[in-house]
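Have a look at these structures, which come just after this line.
Consider the two complexes below, in which chain A is the common component and chain B and chain C are the respective partners.
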Partner chain A sequence: MLEYRVEIALWAISGIIPFFMLNIWTNNNLNESINISDIMLSRYFLCAFFVRQFSVVWVVFSFEEDSLMGKVSPYLIQPLNPFFRYFAQHLAEQITRFPFALIIAFFFFIFNPESLWIPNLGILLLSIVSTFLSFLIQFLIQSIVACLCFWTEKASSIERLLFIPTLFLSGLLAPVVSFPAYMKSWIYLTPFPYLIDFPANLLSGNETNISGGLSMQILWIFLLFPLFKKIWSQGTKKYTAMGS
Partner chain B sequence: MNLRKYLKVYKKFLHTSLASELEYKTNILVDLITAILSLLGSIFLLSIFFQNNGYIGGWKFEQALIIQAIYTILNGITNTWFNPNLTEIVKHIREGTLDFVLLKPIDSQFFISSKKINPSGFLEILLGFFLLFFCIRINQINLNLSFLTLSLITISCSICILYSLWFFISTTTIWFVKTWNAIEVLRSFLYIGRFPLNSFSFSLRIFFSVFIPIAFITTIPSEVFLGLSVLWKILLEVIVATVFLITSRKFWLFALKFYSSASS
Partner chain C sequence: MVQNIIDVRNLSKSFDISSKEPGLKGTIKHFFRRQKKSLKVIKDISFEIKEGEIVGFLGANGAGKTTILKMLCGLIYPSEGSILVTGYLPFKRKENFLKNITLIMGQKQQLIWDLPPIESFYLNASIYDLDKFEAKKRIKKLSEMLEIDEELFIPVRKLSLGQRMKSELIAALIHEPNILFLDEPTLGLDINAQRNLRKFLQKYNKETNATICLTSHYMKDITSLCKRVICVHEGAISYDGKLDLLLRKLSPVKEILIVCRSEQDAIRLGNSGFTVKNKIKNEITIKIENNSITSSLKTILNNFDIEDLFINEPPIDEVIGKVLIKKDYDI
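The block that comes next holds the complex of A and B.
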């Protein structure tokens, strides 16, 4: 992973959309209407950036490429689910991304010194846990989509479709608190707010329901995992080796 | 340069790539739904910004919708032509197949940037035009000849700038081999083209008009639609577009000197 330092730095930079959004929010004083101060909002978006950095998943693209190239066949013979391989890759890259994310945070604090804060240890640990849970949810969703490769060759277009609600509803571009009431009534039942909004609120010290959020995350993992196992076992039966 | 020859070759490209893309019909449907959802999502985001404010950076909601429409059209063009072709450069260079392109008795830039086409982008372009016509109605813009020519000029300049940016990033592959992530960076920067430039702070505004001219891509054409634009801005956009096109061409020819084939 360290071979691709430039790559990973660029990845980190490509995640800076939350900062542009923050700029729109504060520059137009939009935050006054939702009762969040400038400082809290900038912390929120910084945390959203961090959560996104450590929960981004691309397993469907790797799996699609491998399955089109016929690389999945040797993996299937091994006594280990191939998704463990991708899982390990993701974790390794997250660790390599950490220093770059820190550098970006450093620059952020230079430009916004007043928003510097140190979360207490308990909150920090909890938010690391919830970021990891958010990563797990996204990994499971994408793995389920990736398994669709067994039926259609191009599963990545389905992933791009799913990415749209993730982008707009997860809180990456606007905190869920600011959503209109007709959205708020049902959005907390979907997995989306728990992907970025909940961990980011937790880490930045904004108001949030800690136990409720964590239990919803765990609930979603318990719902998605059996689904993944089922689709995986059905898919492997359906598998016809390609490109080999 | 023989124009007729190039037209004939382009026709063949169009035929083969359409034939291969239409193999994946469900894919096109999924892409259409993606485009619709993505437009709805950004309108939703915009409505959040406007829910308690009448103006953002001096733009009303109806006016900001024009920017969305133009962004959608340009994004459709990117998905139809730029994205499928220019991501292919990465593959050509990594696998050494650029050799075959360079050996062909045809301009390499032309070959590389027009080989493929992705028909699902057409739907997005269409979607953008629908929104644009809707905006023209709700903003009560009256169409006349000078307005039409000006908007055509600015939009084509935007397309040229967009193409040059994509081509420029893809060309750097010759040195860096893997530039997927550089393309991701460009994408995330382009994302801010969905919003009026004036809604950003001063320093970001400078950054997005000098270093990466995203400001020119969507804001100036939208200003033309609203009749707000001044002549020097349009002239500036034409100049920027020309400079970008020429530099990206020069850069490609320069980069080719450093190309050392792979795996052959």
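The block that comes next holds the complex of A and C.
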């Protein structure tokens, strides 16, 4: 079982992009242009790491593989939508990641003791809700893309296309506040800043519109869910049960 | 009166298939202008299946057997015609319909690879709304029927193919479905495992009166389980009826090896009007039509000095093989 433990540790470590970005930002004093202190910036990227750990989604890859291997067929004749299986898998893996994420945070604070802070309980709870909503948005977006497997077989290519705006506009590489004003107004109309930027700002204590952010997250879920249901019902009519 | 549990009327299924010429030129052409054609794989078929029946679907590779099963269990959408299974349209995949059926595909698994089968059983039990006590009871009953015990606690990846298949069966039957769709369930199993699986299916059918629709390329599966067969040839039904009737039609004569006490008797027998296949010394093989076996044997035993006698059935694979290449059997 050693390989499984190593795999779990590698998952957690693979999400450390925010720490690289923190290094780039602080070494080049980029934060001065957006009036965020070094401490708040390091807290932001640590929170971005945590939010990413608990909102990362790979359902499109699982579904694509299962479709091509013919594994979706037995799931389809059970009285439970197969996406519930993937949803449960994601939740289980998030729980598994938690201790590793805590260990990484522990080392982060050892090297950056000035960044240590304890968020108040209310903010912590809202951040957990917001991170979960971020996970739901990403899960729905990827599930919609995954359903394209019924038409194209290689839905993950479309997901790779979506990864670019997710990477740049979600706040993983830079807080959205650092973008030019004319871009920000457009970015906030997309679901991307509510995936990492908003929950990370909320948890790190940076200034953010809590009710506005949560409302936008809920709005996107309400928009995406019927779209998923529609594409699922159309897609299953196209299903040819190949590979099985 | 036994009710029809499956009712299929004028069912057809077409698939869009794109073709590509070989080489770079073909690839570029395919990229810009894909050539698609519609292929009708099931052509206007109709049949009914009664509750408790075990029906074998026979046909060559690509004949359409599996496509029929997939449409019956609601996996794929029919292009034309209607299907009713236990009164439901399968493709609607209503909860009550799904709780009544199961699909088992040889060498395709639903068990979680890295966990012991027992974990998958409890997962399925939850999906089918069974409480833990009931699930435990059913797992015990099925594992006793299949003679599997300790293996249920070993990760699936460490089990043999036969053990995995038994576990698959438990996972697929834990909700006690009324209709079983089995697509080549004995594929890849050794002779003993095949026999055990057949015994289990017979027992399950007897105990629960479940309806079983089965496809298999192993004729032993068909002959030992199915009284009725539906032969599919290029997407159309070429025969639907009793298996023994089909066998009699396809193989109207039996070969009888007769060992006479003397060579003279064998010569005399050979000249008495029977069709002789071959003769070696005092052993002679003759062909007799199925409907005159009793009277012919009576004549032989009364008129010749016979030491021994063997009735040979023609190999079943050879007989059924004829079905796979013929379009229509009017019996």
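Heads up, the rule we're going with is that the second predicted complex is superposed on the first by the 241 of 244 C-alpha atoms of A that agree within 3 Å, B and C clash if a C-alpha of one lies under 4 Å from a C-alpha of the other, contacts with A are read in each partner's own complex, and residues count from 1 in each chain.
Quick note on the criterion: contacts are C-beta pairs under 8 Å (C-beta built on N, C-alpha and C of every residue); 3 or more make two chains touch, one makes a residue touch a chain.
Computed from a predicted model, the values in this text were never measured in an experiment.
**Student:** Quick one: is A:Val56 in contact with chain B, with chain C, with both, or with neither? Answer first, second, both or neither.
**Tutor:** neither
**Student:** According to the stated criteria, A:Ser178 is in contact with first (chain B), second (chain C), both, or neither; which is it?
**Tutor:** A:Ser178 contacts chain B only, not chain C.
**Student:** Touch check for A:Asn27: first (chain B), second (chain C), both, or neither?
**Tutor:** first
**Student:** Please work out whether A:Ile128 is in contact with chain B alone, chain C alone, both, or neither, and reply first, second, both or neither.
**Tutor:** In the superposed model, A:Ile128 contacts neither chain B nor chain C.
**Student:** Classify the contacts of A:Pro74 with the two partner chains as first (chain B alone), second (chain C alone), both, or neither.
**Tutor:** After superposition on chain A, A:Pro74 lies in contact with chain C alone.
**Student:** Report for A:Ile17: first if it touches chain B alone, second if chain C alone, otherwise both or neither.
**Tutor:** Once the two structures are laid over each other on A, A:Ile17 reaches chain B alone.
**Student:** Which chain, chain B or chain C, is in touch with more residues of chain A?
**Tutor:** Touched residues of chain A are more numerous for B.
**Student:** When the two structures are overlaid on chain A, which partner does A:Ile39 contact: first (chain B), second (chain C), both, or neither?
**Tutor:** Neither partner.
**Student:** Using the superposition on chain A as set up above, list the residues of chain A that contact both chain B and chain C.
**Tutor:** Residues common to the chain A contacts of chain C and of chain B are 4, listed in rising order.
**Student:** Considering only the defined contacts, which chain B positions touch chain A in the complex?
**Tutor:** Where chain B meets chain A, its residues are 24, 26-27, 30-31, 33-34, 37-38, 41-42, 44-45, 47-49, 51-53, 56-57, 176, 178, 180-182, 184-185, 187-188, 191-192, 195, 199-201, 204.
**Student:** Which residues of chain A touch chain C in the complex?
**Tutor:** The touching residues are 4, 70-71, 73-80, 236-241, 244.
**Student:** How about chain C: which of its residues touch chain A in the complex?
**Tutor:** Spelled out, the residues of chain C in touch with chain A are 15, 70, 73-77, 91, 93, 95, 98-99, 101-103, 105, 108-110, 114, 124, 127-128, 172.
**Student:** Which residues of chain A touch chain B in their complex?
**Tutor:** 4, 6-8, 10-11, 13-17, 20, 23-24, 26-30, 32-33, 152-154, 157-158, 160-161, 164-165, 167-168, 173-174, 178-180
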